[in-house]
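Paired with subunit B in one complex and with subunit C in the other, subunit A is shared by the two complexes that follow.
After this line comes the complex of A and B, so read on.
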């Protein structure tokens, strides 16, 4: 890695949890949440970690934010080892976890944020100015004086988003910042994230998401992670380019059909996923080249299925994920829909 | 990093945490209702004690044991407030407010943060104790002539005792980091044991010898002894009568130092375990 300056650097970072077995009292089983993850994030980067639920994204952020010890490996944030000197790391970082409603309910939105800013030694006047600006950004300006137990979960999440940026940390960790938010708010927050990093080239932002659109749209570089392992790491464009030699198709056939065995035996099919939707089956195919489509269509026809539509697509990060993992992000997330764009 | 920077962070943590603690303790209602509550609660507590005393002891308020019990109970208000106040912050911040992980990821001194949060409870307990004592003097006729109070001893013992309670709170806070689900019971259990063994209501002399020995090992026992000597002129415990007031204060000071070292070491150990097991954002209760 030469002499380049990295804001975040991990080397073979692993985290194993030992949890009690329900079926056997006194025994424990090991869950590998992070498996020898090595990453290097440069100063000024907006770096994305894309992966399904349970991939190890939050574990990674917890270790980097000094909340969790790694089992093995090393991690440095702002040039400081997170295990050896966590107190120093904390002077350089900020963290926001999406999808949670943390905060002191008896304090107002403004008081919650002001209180937090004071722990960072920001002057009261400067803090109030920043709070005003950030509440405008997240659309909570009219709720500044509202005690937060009166706020919805989404509003609390917006307040916490503002808290992350309030202290203008050198390295900011955003763990699924838009999860559970409405489409418009998610869009607003994304554009603020991009704007913030562009205006603060000396800052670094690490964002985890299971939304491939978010990673594609926002991030300078993306690490794809699954079952604790970093499978690929590059710019979204380069990741998608890696599929350029292949052909990506989306087909719809009538009925709810299990076509897995069919594709397993068809030459030229690199990867595929299929899911039943509204009375038809949707199939995403990554083929070695376009010539492989004919035998696929012939095979489908042979099952008696009727082809409803056929679309050749530009590769997306979802396709990259399928190529690497063998299943789609949606499937890996347990069948949930892609979060709103 | 310089000691000055660390000192600045510690002071900031204490100051902001005290503000936060005060907001949480007082902000649940309007100021007038809070003031009424602050007065009524200790008076009601004192009346409950009086009725219990009259029914159980079947004695009059002029019995020499009554001032012993009353003063012990008045100062015991601090035990619940400071000890539980500090340790409860861990579970409250982690599981109720979901903020402990953000505090741990921030550049603050967790020790002074916890002490700061406990400061608000201490302030409220000071008001409650004062009201209780005034009620005892003004309404129940307990003799505490201001001219005969050893104010220096009272202030010194109070400060030392509060420090001891704060460190006990830190000790419990460490246990809370590891055993969230059971914290409430641990805290109640410790407070209950102190109530029984430290001579709050029963003089040490009435306890069986093994429990008396335990009581003599607790800083709270010497704290209450010193406080009673300062306001009543007599500690009331035959078992401690042979000790001079200076010795009582010395034992209190030394046991506070031992407690301070033990609680900080234990809390650090608990923090390391919590980091290792990922317990800083555990959700078990709320």
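After this line comes the complex of A and C, so read on.
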């Protein structure tokens, strides 16, 4: 057994997948899903891993949950090495994956939850009590006796969310738990996550998300991850403070315009992203300081574009991501990923 | 965790995983058509062939018994061996793997639930067959018959658990392999005729599937005179072989499950769906 200072600790954790190449029979190419990731999560923390789709978040969780072996590096959960002793790790963990479709359609919601509780040795009486409480929390109490093939995707996700908390694990992994849920339900689940960790200071929760609002709103600390690499790790406030010397602006200009080459040659522009929206172009700028705004506006004017709005913003985790990666989370996710209100 | 708690979790897991199969029977009544009526048509074909050639009525008994036992072999292939593939596709496998319980308990739960559900189907075929085809039954020893039947199930589901662990690694191939094992086993195990008709060596090879031995022993106990000229081995030897097969399959299943789980984890196959 190792030290128990950290609930989760990874050191230079990497995972490489070898996949068949379509173009060359028999040959394989390597995909680096996780690249020397080092993290340390303290007991009692609600720790977020923020990154776009394909960043390596799920790979990280699968390794920590003993479902996948790392190619190199080490990982310990609850002080136990996940490769050397996966059986012991499993006594301490739980996992919920967003969008998962687990369970048996012929069983009701409460029967499915009861079944999973039995794998943890929980007595039927205790399990039924907890199931009742959790179904109230996730708003599924009136569906307890419904067979799950009658449930919508969102309801099924709520059931699986309840399953994760049912066993009261010491370390709980939530892999994009609110993905695809409606705004109200996502808000309810987020509140419960925060409440649960506050009420159980001896538990640890690792949450992956590609939603910066969720990470900012919920997490004590956040690791920003992209292309398998951990780019930054701190509290949301500290991460945002790292941009305090810089000026963050959002501009809107008319038409669908590619202003990338324009900003590449403009002094003082640290990072920028631009996206076409509803007939106009939205530009997020991170400038070295406010003085850099004048040449930017002059350059835009020079293209004949009309400035529709200009807003100076407080930095967000999205800006931190842009600063680190050079593109927005929304762009990295393939667009259409509106932050929840 | 202490021994008592471990045992408690083991037993709860068995019952937890058996439950969907036990309860599923009551909630989806279509099995009566698909698993009793349709197999009975297959049985009828053989019965009428035997009648057409003037075979003794005991041959109708051979067929009905074999027809009832097909339910178990189908259950082994589609609901034991390839079950972990379905579980992966449904998203349950990951949850089974990370649960702090014995994988053998999960497989045993699948087996117990499968035995319960399949026995109801098999009884349906057997009873319907006896009534429809007026099958003569004169068992020499009911306890011995029950003993052979139970030992056959232990060995058969041990084989199913072993196959399930092998299928943990395979993905879509599981489907093809299950298909490959279905009809050939119906033939070489003698589901519709005494297996000795295929020759001693073929029957010996087919004995790796416990139903081969179980069917032969049960037929000997039900129709001792008719089986005089057709028996493969004596009931005692077949019982002994079934016991050995059961123990070996369960042991290998336990070892294979650990080995293939570790291998699948290394290769990333536990988490890849639809492969």
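Structure notes:
By our rule, the second predicted complex is superposed on the first by the 335 of 341 C-alpha atoms of A that agree within 3 Å, B and C clash if a C-alpha of one lies under 4 Å from a C-alpha of the other, contacts with A are read in each partner's own complex, and residues count from 1 in each chain.
One rule holds in what follows: a contact is a pair of C-beta atoms (placed from the backbone, for glycine too) under 8 Å apart; a residue touches a chain by one contact, two chains touch by 3 or more.
Since we're looking at a predicted model, the values are computed, not measured.
Superposition note: with subunit A as the common reference, subunit B and subunit C are in steric clash.
In the superposition on chain A, A:66 makes contact with both subunit B and subunit C.
By the document's definition of touching, neither partner reaches A:191: not subunit B, not subunit C.
When the two structures are aligned on the shared chain, A:291 is found in touch with neither subunit B nor subunit C.
Contacts of A:244 after superposition on the shared chain: neither subunit B nor subunit C is touched.
Once the two complexes are laid over each other on the shared chain, residue contacts for A:301 go to neither subunit B nor subunit C.
According to the touch criterion, the shared surface of subunit A, contacted by subunit B in one complex and subunit C in the other, consists of residues 17, 62, 65-69, 87, 90-91, 93-95, 97, 100-104, 106-107, 111, 115-116, 118-121, 163. Taken in their complex, subunit B has these residues touching subunit A: 1, 8-9, 12-13, 15-16, 19-20, 23-24, 27-28, 97-99, 101-108, 272, 275-276, 278, 280-281. Residues of subunit A touching subunit C in their complex: 15, 17, 62, 65-69, 86-87, 90-91, 93-95, 97, 100-104, 106-107, 111, 114-122, 147, 163.
The part of subunit C that touches subunit A in the complex is made up of residues 1, 5, 8-9, 12-13, 15-17, 19-20, 23-24, 27-28, 90-92, 94-101, 106, 265-266, 268, 270-271. Residues 17, 62, 65-69, 87-88, 90-91, 93-95, 97, 100-107, 111, 115-116, 118-121, 163 of subunit A are the ones that touch subunit B when the two sit in their complex.
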